[in-house]
Amino acid sequence: MNILNLLGGLAGMHLWAIATAAVVAAGCAVVGTLLVVRRMSLLGDAISHAVLPGIVVAVLLGGRPGGLWVLVGAVVAALLTVWLTQVLHEGVGMSEDAGAGVVFTTLFALGVVLITLAASRIDLDPSCVLYGILELVPFDTLLLGGVEVPRAFLTAGLVFLCLLGGVTLLWKEFLASAFDPAAAAAAGLPVAGLTTGLLAATALATVAGFEAVGAILVVAMLVVPAAAAELLVHRLHLVMGVAIALGVLGGIVGYLAAWQFNTSAAGMIAVVLGIEYALAVLFAPGHGILARAWAAAGLAWRVACEDRLAVQWRAEEGGERAAEAGVLNRLVCLWLRVSGRIAADGRLLPLGQTEAMLIVRSHRLWEAWLGRHAELPLDHLHPPAEWIEHHLGSEVRRRIAADVGQPAGDPHGRTIPPEG
Amino acid sequence: MTGPFPLPYNTLVVAGGMAAVGCAAGVVGCLGVLRRRSLAADAASHATLAGVALALAATGRRELPVLLAGGLLTAIGSLVVLVMLRRFTRTREDAATAIVLGVSFGLGITLLSGMTARGIPGSAGLEQFLLGQTAALTAADAMLLGCLSVAAVTLVWVGLKEVVLVAFDAPFAAASGWPVFAIDTALVALLAVMVVVGLPAAGAVLVTALLVIPPSAARQWTDRVATMLVLSGAFGLTAALVGVAISAAVPRLATGPVMVLAAAAIFAASFFLAPKRGVWARWRQQRELQQEWSRAGRDPTQAPTKAAGRSGP
Amino acid sequence: MSRPQPDSSPHCLEFHDVTVAYGRRPVLWNIDLTVDGPGLFGIIGPNGAGKSTLLKAALGLVPLAGGSVQFFGQPLRAVRTRVGYVPQRETVDWDFPVSVFDVVLMGTYARLGWFRRPGPRERELARDCLARVGLADVANRQIGRLSGGQQQRVFLARALAQQADLYFLDEPMAGVDARSQEQIFAVLSALRAAGKLIVVVHHDLRSASEWFDRVALVDMRLIATGPAAEVLTPENLQRTYAGPLDVLDELGRAVARRERTP
Amino acid sequence: MHRWTPRRSPGRAARLAGWITCSLWGALWAADVAAAPPAQAPTPLRVLATTTVVADLVRQVAGDLVALDCLMGPGVDPHSYKATPRDADRLARAQLVVASGLHLEGKLSELLGRLGKRLPVVSVADALPQNKLLELAPGLYDPHVWFDASLWAGCPAVLAEKLASLDPVHAPDYRRRAGEYAARLQALHGELTTQLGAVPQERRVLVTAHDAFRYFGRAYGVEVVGVQGTSTESEAGLNDINRLVDLVVERRIPAVFVETSVSDRNVAALREGAAARGHAVALGGRLYSDSLGGPGSGAQTLEEALRSNVATIVAGLGGGESPATGSPQP
């Protein structure tokens, strides 16, 4: 039974399960982005634990798992968590994370005790809270317009739409309070209200996800896509879009992988989200590990080429001849020849000549600047100039030249080539 | 053979094991809270599940030491990943902790479920590590937990001044030559050991409570680290014993969660009643100050005699 | 321990072509500075000039991108116990459960080494240091219950307990009431009289000229150094506080992004 | 700064994600209609049994006339069963789902009730007369009915009728085999009763890891106690273990038993507690409770499992004079 067989013989059921996972992931991504950006991820973790007693009490009072009352119970439990953490923080000056730690572990323990005490009357069992039953969601359906729609999908879909709607409506408020809460409050935005709203939304997303992937794995869905998106793009609305996409993708690939390896879908989805995050760390444009390694290699190559040109220019200027041997040097010479900067015998061609002149000019101008602005003895000037020559552009060179009074020679007396 | 007091054997064994774990968790937890590493311990505790599953898959044996050893490996592994995330990525610490927590727990469940689906013998019972299986503690288990707890507390007492120095003022510690990163790593490793020792007691999800609640309660009573350690150990021990007692009295009640609730009760009491820091004490102080001012207000010459509370900057 | 003779011995403190970068962005460029004891040496410059970074780089709290720092002619590792440090106040959680006396005792930990507990000799020393900064009466109070000035003096007492020959103080006068400033300065003068070298990061120009024997003007690079009277001239101050910073900023960004400046 | 997603206004990025979800939903609606199961299956009926016990029942009643698949393998505890996507796939493919019923399968049983609308489902134990069942709590019955062979004998007929309605061609075979199997079960019932008679009355106390043997106790006059409750979900409390240690010591019970699908740490703690009170309790052996043995275990059918259980119990509880320290059979 390989993947193709799965897609071919699909009885629609797997698609419903995947769709549910995707919608839950999307809802979590919407809220998760704001949590991660406002450094409240651990509140997301706390809430996903603390909703348990809220849910259990709601079910004990007769609410159906996944029904309206359970949503209310969870939101109340979430807000209680946040309020208690605040009371501890202001009451006795406990740090936020220790306070949250005390509150959510206590509430979770209360939830577990309630479940075991009332085990006979309700069919909630502790491990189903932790696992979720995504696989069996398609069997619990409602008739909607002639089509059997899983109840969990409807709940999750509804939650996703109102989260998306709420966030899009209050977009600028969330953006302002996320970026700089103090300024937003000063500008009259109800930052406290927005925060409470965000945490209530987190509780909603947790409950929507609770039945599908279990309370704990909702943490993965809340935080991981948003954290990965934050590495890839830098505008808040893009981060949210990418987070939704990563969440949905994680849900789909996770479910298929779970089918392939015959294991829990919720667990595999969390693992796939983890892999997505690792890939984001690796391939993020700009500051990703590969991007940084690529840029470092690029710089090293540029420095080697420019040093070679400068050495050649100084040799032709009658200065010291330092022909470096070595593999890198041969590679650089090969490239310089191919790119028409030096001739076959190593002499500078016009293109090489102008570039080399600019490098030496940067070098000697920087030595002049250091001589003037920093108390450095003569023999200390060369190493910093050797480093800065590769980073000085024409406009800044012009400013330095003006600042040091257009000197003809550098502090060592060698002439500074013109800008040309 | 009824012992000196007619407590059943199992209750004694469980009480002994859990008392040691509760006390050690309280003591080590103090340093975790002071160094703001307790939520990293939460991530480590969720990671133990994957370790337990791997240990069973690798060795096929179900004895507690084997499973706990597996749990320790992944707990420390998750803390290493956490450090690497903080150093090599732009992701902030709270998000990184949540990532490690969520993904490692997901991995644990994936492994467990995969093994059960493949009918690997004994994998069915591993869920007990999620919520703790205290009542089924045998003497050998209790002995193991006891020794680890005593070792942890001794380590804390021996290296106390180094850890407190680093927790209080890391730059000063580094400047005066202490290897701050090494001391931090040792503390986090000790937290991971305590997470694993606490696993059978409270389970992967609640073991953080044993490391966070007693120290937070102890902090309300004292301004000295040494006293805080002793108090936190005592609170952890008391919570454990109360949890065991209740679990022995009421049928069908798991010991782990009850221990956590007992610790929470102790914390609540400390939160309100502690002298100086407690809410009631502060409220009383506030009221006295207002009364003095109002009296002074009526009689301008008689300013308040003693400056109550802290003379703020 | 014999005190090094000023002329023949190596410099108390020597920065040799020190460059410091946060991430890839340089904040201190090629600092070359030698300081001889004893005396009060001020590091002066505008905010964000990298003054306290220079201090932290010397103590190894921030990695050096280039160059080296020597203490009494040796690397810091060899002479750790001869160097005292007073960090900035906001680096610490003032709700931490320790008393004033405990904090000062921490100054003695370095000489005690691993696992040994402070004994009566260390306690006596701590009490003496507390007396020297005039805080003997609040020894058992939790540090959070002190004023800003008192907290700063606790840090100073802790440094005294290190019994060092060279002291680094990072903005000791920031946010401190006038009376405490005088008390701190009195202690520093006493140290100078005892032949110690005290290096202080300071931002207030007015008090700089009267307090310090020698100063260094720093703004991402070393502008001038020497006796306070000669260095604190209007021309130097103008170069420090209104110097051509934009060049260094542009360069810093270019280096960070591995590109050329525009 | 390289940017791989085009610059969009806030609403449009979110709408893009919304659009993806909708198109996904549309595609699945079409796939659902196209892949509806064909009405009448010419090939053998695809039957999915939930537990190994139920699978054995289907095998006995239908033999090779149906393509039988079992959801939970040997050694899997039905109370805490977690479906994987592939299990859900097997559920959806089945033409008839046979479950044990009375909420044995935990969360799954509730969903099987709803699945009934789209797919024929039969819970054999639900059909048994309620007056014969043991009530744990109002409306909640002990689901372990297969330990009373005579009671379980009522189930083959229920299954046969369901199979007949779905596969009328073989209806007579189903009814005949159901009748034969019911008769064999009744005979087995008698046989087990006589075997257990060998154990003296005061030693007939069966202590096991979880409370699955109430029907067995009622049927064969054995007092039954489980460390954990009827569902392995509710974790054993210290109170339960202490209570059992007292029972084992006072009644001087020679052996206690572990089960294939339940963690045996509870029983280990129980034996240690009793030993501390000076009463050495042997480990009587491993019983088959919620799941039968795997291939080659000698207990693949219910009959073999019951016989193996009784043999282990008789050996453990002292059919002879001294409590034989039975080595735990696989």
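Per-chain residue numbering starts at 1, and chain names A, B, C and D are given in the order in which the chains are listed.
To be clear about the criterion, a contact is a pair of C-beta atoms (placed from the backbone, for glycine too) under 8 Å apart; a residue touches a chain by one contact, two chains touch by 3 or more.
Just so we're clear, the structure is a prediction, and the values are computed from it rather than from any experiment.
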item	value
If a chain touches subunit A and subunit B alike, it appears here	C, D
Reference subunit C; chain at largest CA-centroid distance	D
Inter-centroid spacing, subunit C versus subunit B (mean Cα positions, whole Å)	38
Averaged-CA centre spacing for the pair subunit D and subunit A, given as whole angstrom	46
Inter-centroid spacing, subunit C versus subunit A (mean Cα positions, whole Å)	37
Subunit A, residues touching no fewer than two other chains	93, 116, 119, 126-127, 131, 258, 262-264
Shared-contact residues (touching 2 or more other chains) in subunit D	80, 82, 84, 86-87, 229, 234-235
Chains that touch, pairwise	A-B, A-C, A-D, B-C, B-D
Residues of subunit B that touch subunit C when the two form their complex	34, 158-159, 161-162, 164-165, 167-172, 174-178, 219, 222-225, 228, 310-313
Residues of subunit A defined as touching subunit C within the complex	93, 295-296, 298-299, 369-370, 373-377, 380, 383-384, 387-388, 390-393, 395-396, 399-400, 403
Subunit B residues touching subunit A - in the complex, by the definition given at the top	33, 36, 38-39, 42, 46, 85, 88-92, 94-99, 101-103, 105-114, 117-118, 127, 130-131, 205-206, 208-209, 212-213, 215-216, 219-220, 252-254, 256-258, 260-261, 264, 267, 271, 277-279
Interface residues, subunit D side, partner subunit B - complex	73-77, 80, 82, 84, 86-87, 229, 234-243, 245-246, 261-263, 265-266, 268-270, 272-273, 276-278, 294
Complex contact set, residues of subunit D against subunit A	1-5, 7-11, 13-14, 16-18, 20-21, 24-25, 27-29, 31-32, 35, 37, 80, 82-89, 91-93, 103, 106-108, 110-112, 114-115, 118, 136-137, 140, 229, 231, 233-235
